[in-house]
Amino acid sequence: MSVLDLDHVFFLLIVNIGIAVLWGNRPFVGKILTLLYILEGLSILTSYHVLLSGAVLSSSLTFTVMQQTVQWQLGVSGGFFALITFMAAGLATWFSSGVWARSYAPIRLLHSYMALNVAAMLLLLASNDFLGLFIAWELVSLVSFLIIAINGGRSAKAAYSYILYAFLGAMAILLALIIIWNATNSFSYVEVRHHWSTMSVNRQLIVVLLLITGFGIKMAILPFHRWQAPAYAYVPAPVAAFLGAISSRMGLFALFIVLLQVVGIDVIQTLWLPFEIINMQTFLLWLAALTLIIPTFIALRQTDARLLLAWHGIGQGGFMLLGILSANALGTAGGIMHVFNHASYQAALFFAVFSVSYRTGTADLDRLGGLVTRMPISFTVMLVGIIGLAGLPPMNGFVSKWLIYKALLDEGMPLLFLAAVIGTLGTILSVYKLIHNTFLGQLRLEHENIKEVPWSMSIPMMILASIVFITGYFPGLLLESIAAMQSTLGISVVDYHLGGVNTGKGNLNMIVVVSTMLMAIGMGALIFFVLGNPRKQVTQWDNYAGGHFLTSDMRYQYSHNFYPGLMRVISPLYRNTIFWLESAIVSTVQFMAHISYALFMQANYLLYLILLVVISLLWVLAV
Amino acid sequence: MVWDQDKEATKDNYASQTIVLDQILHELDTLNIEQKNNQRFRVDVSAEALPALLSLLKGRAGYTQLSAISCVDWEDEFELVYHLWSYETKVLVSAHIRIQYTPAVYVSVYDIYTPAGFFERDIYEMYGVYFEGSPMMEKFILTEWHGPAPMLKSFDTLKYVNDMFNWQEYQPDWLKEIQAKGGKVVS
Amino acid sequence: MSGQHIFLELILMPLLAFMIGLFLVLMMRKVRARIERRVGPPFLQPLWDIIKLYVKKMQISHGVIHDLGIIMLLGGYITAEVFLPVPGMSGFTSQGDIITLIYLMMVPSLGLALGVGQCANPNGSIGISRALTAMLAYDIPFIVVIAGACLYYGTTDLTEIIALQKSQQWGLLSMPILALAGLIAIHAMLGKEPFEIYVAPAEIATGPMVEMSGKYLGSLFVMQCLQIYTITVLYTSLFLGGGYTWFDFIPKLFLVALLPVMITVIFPRYKTDDVLRWLWKWPTGLALLGLAIVVLQG
Amino acid sequence: MRAENYQAVTHPESHEFELNFGPNHPGIEGNYALKVRVNGDKIVAAKADGGYLHRGFEKLMEGRLWIQNIALVPRICVPDPVPMEMCYALGVEDLCQFEVPERANWLRVLQLELSRIAAHLFTFGGHAATVGMYSNMFWGIADRDLILDMFEQMTGGRVYHMYTIPGGVRRDVGVEQLDKISDLLDYLEKRLSDYDNLFFNNKIFIQRARDTGILTPKQALSWGVTGPNLRACGLAFDVRRDDAYLCYDQIDFDIATETAGDALARNLVRRKELAQSIYIVRQVIDYLKKDKSTHIRCQIPNPLAWKVPAGETYTRVESSKGELSFYIVSNGGEKPYRVHVRGPSSMHAVQVLEKLVTGGRLEDVAQIMFSLDACPPEVDR
Amino acid sequence: MKDVIPIQTNNTETIAVSKNSKNIYQQAIDTFSNFCRARSLFVLHYCTGCGAIELPPAMTSRFDMERLGIQPMVTPRQADILLITGYVSIKTLKRVILTYEQMQGPKYVIGICSCTVNGGMYWQSYATAKVLSEYLPVDMYIAGCMPRPEAVLTGLQQLMKKIEKGEANSWENYFKRYDYYLGNQQHLFGDTWHTPTDILEEARHYHLYGAESTGNNTARLIKYTVEHDLTKLDAPLREKDSMTKRGKK
């Protein structure tokens, strides 16, 4: 296999961008783009076994700056993420290739931005040193901004907020790079790792914190989580699915590379925050746990299905971080696997929600209901998706969450285990509300003639749903590449087989679990259908209403404020502490952003900029 | 607000009550008071003066409770009786007015006594007397009744029942036994 | 294990669970009746109820999801039984640990929730909303208890936990505080007063059961049997050393179920938010205390 | 379905939905309905819907003889029928100027107070069941049954007794019977401490009932609240004392009051009244045992051709629910010209209930209804 | 007990419905089903009238229905027995019929109190229905005003015996003779009377659809629903028809 395979991919991506820009609003072009994405995915998949063995795919593209040769190589972790990217982009483009595109005016922009996004993300995934990483990172931020702002209105506002955050993140990364350069005189991962211990502990600490801030902003880790949900919720369906599934995982990828490959989890474990209050790893784990819990419970309060899903995306990011930072073979595996799992069910859920809003014109959970009889495919996809998101067997979400729970228990972190379970329970509550208010309950009069979405939209959804199920049934498919990733990174490797993992202290074999479930459900169906008389379906008006007659103009659906008892207990937390803290931090950040923006807009802005950089440099050198 | 006076004081109240009502009599000329016993007064008043009387009784004499409003169908006119109770003096005053048969309309005293809403609605349903100004004039008990106001003397319930319903033969064994012994229904 | 053996266990374990569950339900009703100065139901009453509901001539369905929910509910519990070790049979316990079991036990709840949602009755939906809220309430102490027990035993494999208790001492003796917190949590899991918020006839007309008829309601009765069985077996395995033989195992199950039933009749029902507050205060506090002791000891 | 049930309402923008409490609902007392509009678990609006028990009593009474109506009146309120008979009898006696023998009056008080005990036991049971405390319901209703046994032995009727007739009572009560009642009272007093432990001092019950459905004294007065519900607001008004009838002015008893005005206070007032009623019944038993008179009713005319003198009267009786009044008009004929029944629940079950429920929580609807002790047949008649 | 009078209701004549001859296997199942049905009766918790006051004693500690396998149930879906406890006013009767139609067969109606037989004490009242069995098939009357708890329990036990013998089949008449019952209901409630339950379809489901199931009255009902169903907003939304008849806006 040629080592220059990555060039093919890059070439295909350029073709992709070209087609999208030139003929983006032609009706057939969506399908061509889909094919191209599939082709790109396949070209990586064909050489995937090479990656698994520890080799890399490299590109001929190089340049040298500051005695650093920047080149692009795709390792197994990059390959894994790239596959997810192509899956998400391909299915999103497919989803937008049919009838939907006709109703959407800026389709050309959408295709072009999507292609640009994919290209930038691939650059990021294939980057091999900090410089390449930084360049690609900035590109990703820029094109993400473009794609978030595509709809104008609310999403443009969110995009503006996003770019402010991204600016802050870029500054943080830049600062960290400067410190690293100062200490090690190199940007290469290997070199930096080699020279890492030459830095003072304080400086190590600052670099780690700065990098986490910079990359964490992209994955909306606390307390930088406010921008993401509105930014993802109000964009068109394919974009939301693409962004929610993979785009924000770029931050996780970068963190993963930095924390595990460059810094090393052993270093993190020995770092202490000032005054030795808390270990760096514990701090990060609790940050991840809070990133899991708080957005999940914010999601519970949403009445807009898109916002609800977007907030869950943030929360699940916390889950991944929790796994990766647990410094346990199972946990790391769970964390990375959750990236794939999350991408699959989150995209499916976004598609399902947008199918509903495509047909009904609203995603407001208080204005829907009873659509299951009208849109059975979307319902099935959403059911599979929510079982995955809630992390219940037999879907893939369960496997990755199981690995993380198990890792936390094995590492003796019962409180973090509790936090993870609380996050899951909150998710269960929230997703039931989602499916109940959308598909179950009373069908409204105005939705009587709703039909299922066209095939061009339902097939990508069904593909995603089947991926969710199959990777839940055979988690070994994913664990194979994750184990390869772990061995290339030099951390402990998970003991896996096709059905799950063996730990010796509690095993998981999803093949057995799912087969038993299927068999048991078969038995249940047998009991249900064979015993007793046949069923008879009645109209929804033939219903118990305390002995009263029901009419179609009477609202007989419980939707708004779905968990009132819970809200009575926890809503003071929303209002006072968390919300206050959040808004305080966010407004500070935004205030700073506004100030720097104002300064930047001054006539002699260059002076200010130079002044700022010089001051920061002086400060850093003084530390 | 605990009305726990001793009995002597209560007796004084009965006496003073006559004086209070006499004062009101002077203000409203169409009033006729009759004392039935210590705790019952009957007041006959013209229909126009009733709201004024009720306001006076509530505001000046402490008649805070409207116990009931009764309606009597005298075939040519309706009699409305407002039963008012004073917690302080422990006296019940029944104010009687007469209103015409057609159109059977009267003013509501809902703004003086909230409980009037229920009784006025009841009278509206049962007698068809409409009370202007009451916010509770939609039907409550007879929501699914389309016939005439049933409490009117002109409505013959027996005839209605015979038109509408059938009877079934009911001859259980124990009744037959009794009948065999010579028992029969006394009519 | 041979395939035949596995197949036998797959049938036998749920069946036994159902039969023992019937008697647990009977005991519950009998004890309750006795405290209320009544005679209580005849011996086979739970069984007659279920059969009667299954042989109803009309089975009203509100749609496919209504049926699917019931099937999921039955299937979920049947699966859970196979992952619960009982004397002489361990099913697939080695292939899925206690975490798997806990999540498998949520599948029936999800099934019920879907089925009830399809019924388009707000009473049912409120019931589900309350049931899920209650789940959030009791699962937190319960998870702490599980975490404490797993930390203490150093494994999440139920058969190993039982074996460890047999060789050393019962969890009840080594972790008394956790065992107490667990008992309160299972009382709440059984949904008896004062935690009976999701049935609450006077408020929401029996909530999830509101539109369930015939075999749908019958399946809910089956679920009740399996639920009591599953919870008591889980508790017995964690704290009472599982069963050496069936002869000591079944009395343990009845004992575990008896304690909540005995005290449930003297309580009214809490409001939803009070359930959360109470369960997050006392049992969770107890469980955290027990956990702290386990961590400090270990 | 039927247009008359629902005036067409547009789908509310605010995502509220409608929920029906009753008529077929365990959270409603009898055959009655309360339609509520709910947002989450908060009641936004409530509307009572009655008429399910409407029989046209007032019309029926106009069509029957004075004596026939004795059988009809107790059926107006099922759990507490004796005050109905009493009120009717008082009215007819007032019109006819009957002198009722003293012993009959004491016998009537015996009936009234036993009926009050039975009704209160029933209400406790119902109230406990709404908050999920079924054992109290099972005990209370079983104990009430013992009182019904006494009624049966005294009058021949278990629920409806038709014991009080204009002019006196139907039968005398013997000493043995009085002893039995006395024993029953001993038993009930013993049981009361059980009820206290189980129910009235139950922390969870107190937590639920306190501050639920609060009536302020001002509201209570302006909404026409009477009976135990009024006394729970701290207003000591009792028809038995303030508009005394029968021989209540010769009996020593306290008027039970509470000040909070919430569901708990209403319940505690009934609990205290129960004790007071037992105290009253003991006094009555003492009197009846001492009194050797056998004169239990005055001379009444031939019941089949009984013409009551023309006139009108308004009689009031304190029932277990509140103030019960009859307005009786006679035109001198064989049948009443007009009988108007003012049941105490006609206030409690309609306006007061609607107002107390609105703004409250879904959990409390049934509890508020039962704490008001609303009795729908009195409303519908 | 004198109070308990199981009387023949007016559905003695048998209606020829295509009867499948049952084999031994089916007969065994039927016998066993009836055996179980007789041992587990769920009573609907619906107090239609004053007789309901004697049900709490019958349920609670003193008489304890549960020892006979009888339990109160909240909604019509769950219940087997509809106890009509006393007089039914017209307004209540509509709800009773709705409730009865929402119950699943086999279902039983017991008329408690004399009022359900012939109007009882309220025979001249304009507001109450007189003969319950004109509107619903009644399995058993328990007369008295009101019957004691013992009488209620004895009546229920007699019903159990009937069920076990397979004789308590009067619910089938509602489907076999729907036209008759509907006619009486329409006489009382007017021609626009209709309920959300499609009885004729259910009759087919039970294989009870016969010659007397349809007639003039059902024709009137169908005409009404076809005319008003899809144009009036407050008419029920019939899912089956709506797709074809309610065109796209």
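Note that the chains are named A, B, C, D and E in the order they appear, and that numbering of residues resets to 1 at the start of each chain.
Going forward, contacts are C-beta pairs under 8 Å (C-beta built on N, C-alpha and C of every residue); 3 or more make two chains touch, one makes a residue touch a chain.
It should be emphasised that the depicted structure is a prediction, and the values quoted were computed from it without experimental measurement.
**Q** Just to be sure I understand the contacts, which chains border both chain E and chain C?
**A** A, D
**Q** Suppose every chain is reduced to the average of its Cα atoms; which one is closest to the average of all protein Cα atoms?
**A** C
**Q** Please tell me whether B-E or C-D has the greater number of C-beta pairs in contact.
**A** Result of the comparison of B-E and C-D: C-D.
**Q** What chain lies farthest away from chain C once each centre is taken as the mean of the Cα atoms?
**A** Looking at centroid distances, B is the chain farthest away.
**Q** Relative to chain D, which chain's C-alpha centre is the most remote?
**A** If we average the C-alpha coordinates per chain, A ends up farthest from chain D.
**Q** Roughly how far is chain A from chain B, centre to centre by C-alpha average, rounded to an integer in Å?
**A** Here the centre of chain B sits 72 Å away from the centre of chain A.
**Q** Could you please state the distance in Å, as a whole number, between where the Cα atoms of chain B are centred and where those of chain C are centred?
**A** The computed centroid separation for chain B versus chain C comes out at 59 Å.
**Q** What is the distance, in whole Å, between the centres of chain A and chain D, each centre taken as the mean of its C-alpha atoms?
**A** It comes to 65 Å between the two C-alpha centres.
**Q** Roughly how many whole angstrom separate the Cα centroids of chain A and chain E?
**A** The computed centroid separation for chain A versus chain E comes out at 57 Å.
**Q** Please output the residue numbers of chain A that touch at least 2 other chains, ranges allowed.
**A** Residues 373, 443, 534, 536, 538, 540-551, 553, 556-558, 562, 564-565 of chain A each touch two or more of the other chains.
**Q** Quick one: which residues in chain B touch 2 or more of the other chains?
**A** Residues 143-144, 150, 155, 157-158.
**Q** Quick check on chain C: which residues sit in contact with 2+ other chains?
**A** Counting only residues that touch two or more other chains, chain C contributes 36-38, 55-60, 122-123, 126, 201, 205, 210-211, 214, 271-272.
**Q** Spell out all pairs of chains that touch, sorted by label.
**A** A-C, A-D, A-E, B-D, B-E, C-D, C-E, D-E
**Q** Once bound in the complex, which stretches of chain E touch chain D?
**A** 44-50, 52-54, 56-57, 60-62, 74-76, 87, 89, 91-92, 94-95, 99, 121-122, 124-128, 145-146, 148, 194-196, 233-236
**Q** What does chain D use to touch chain E in their complex?
**A** For chain D paired with chain E, touching residues are 1-3, 6, 8, 23-26, 30-31, 51-56, 59-60, 63, 71-72, 75, 78-79, 122, 125, 137-139, 141-142, 144-145, 148, 158-160, 377, 380.
**Q** Hey, which residues of chain A end up touching chain E in the complex?
**A** Touching chain E: residues 373, 443, 445, 448-449, 534, 536, 538-544, 547-553 of chain A.
**Q** Spell out the residues on chain E that touch chain A in their complex, using ranges where they run on.
**A** By the definition above, chain E touches chain A via 46, 75-77, 94-95, 98-99, 102, 195-198, 201-202, 205, 233-240, 242-243, 246, 248-249.
**Q** Which stretch or stretches of chain E touch chain C in the complex?
**A** Counting only chain E, the residues touching chain C are 29, 32-33, 36-37, 39-40, 45, 60-61, 64, 66-67, 69, 71, 74-75, 77-78, 80, 102, 104-106, 202, 205-206.
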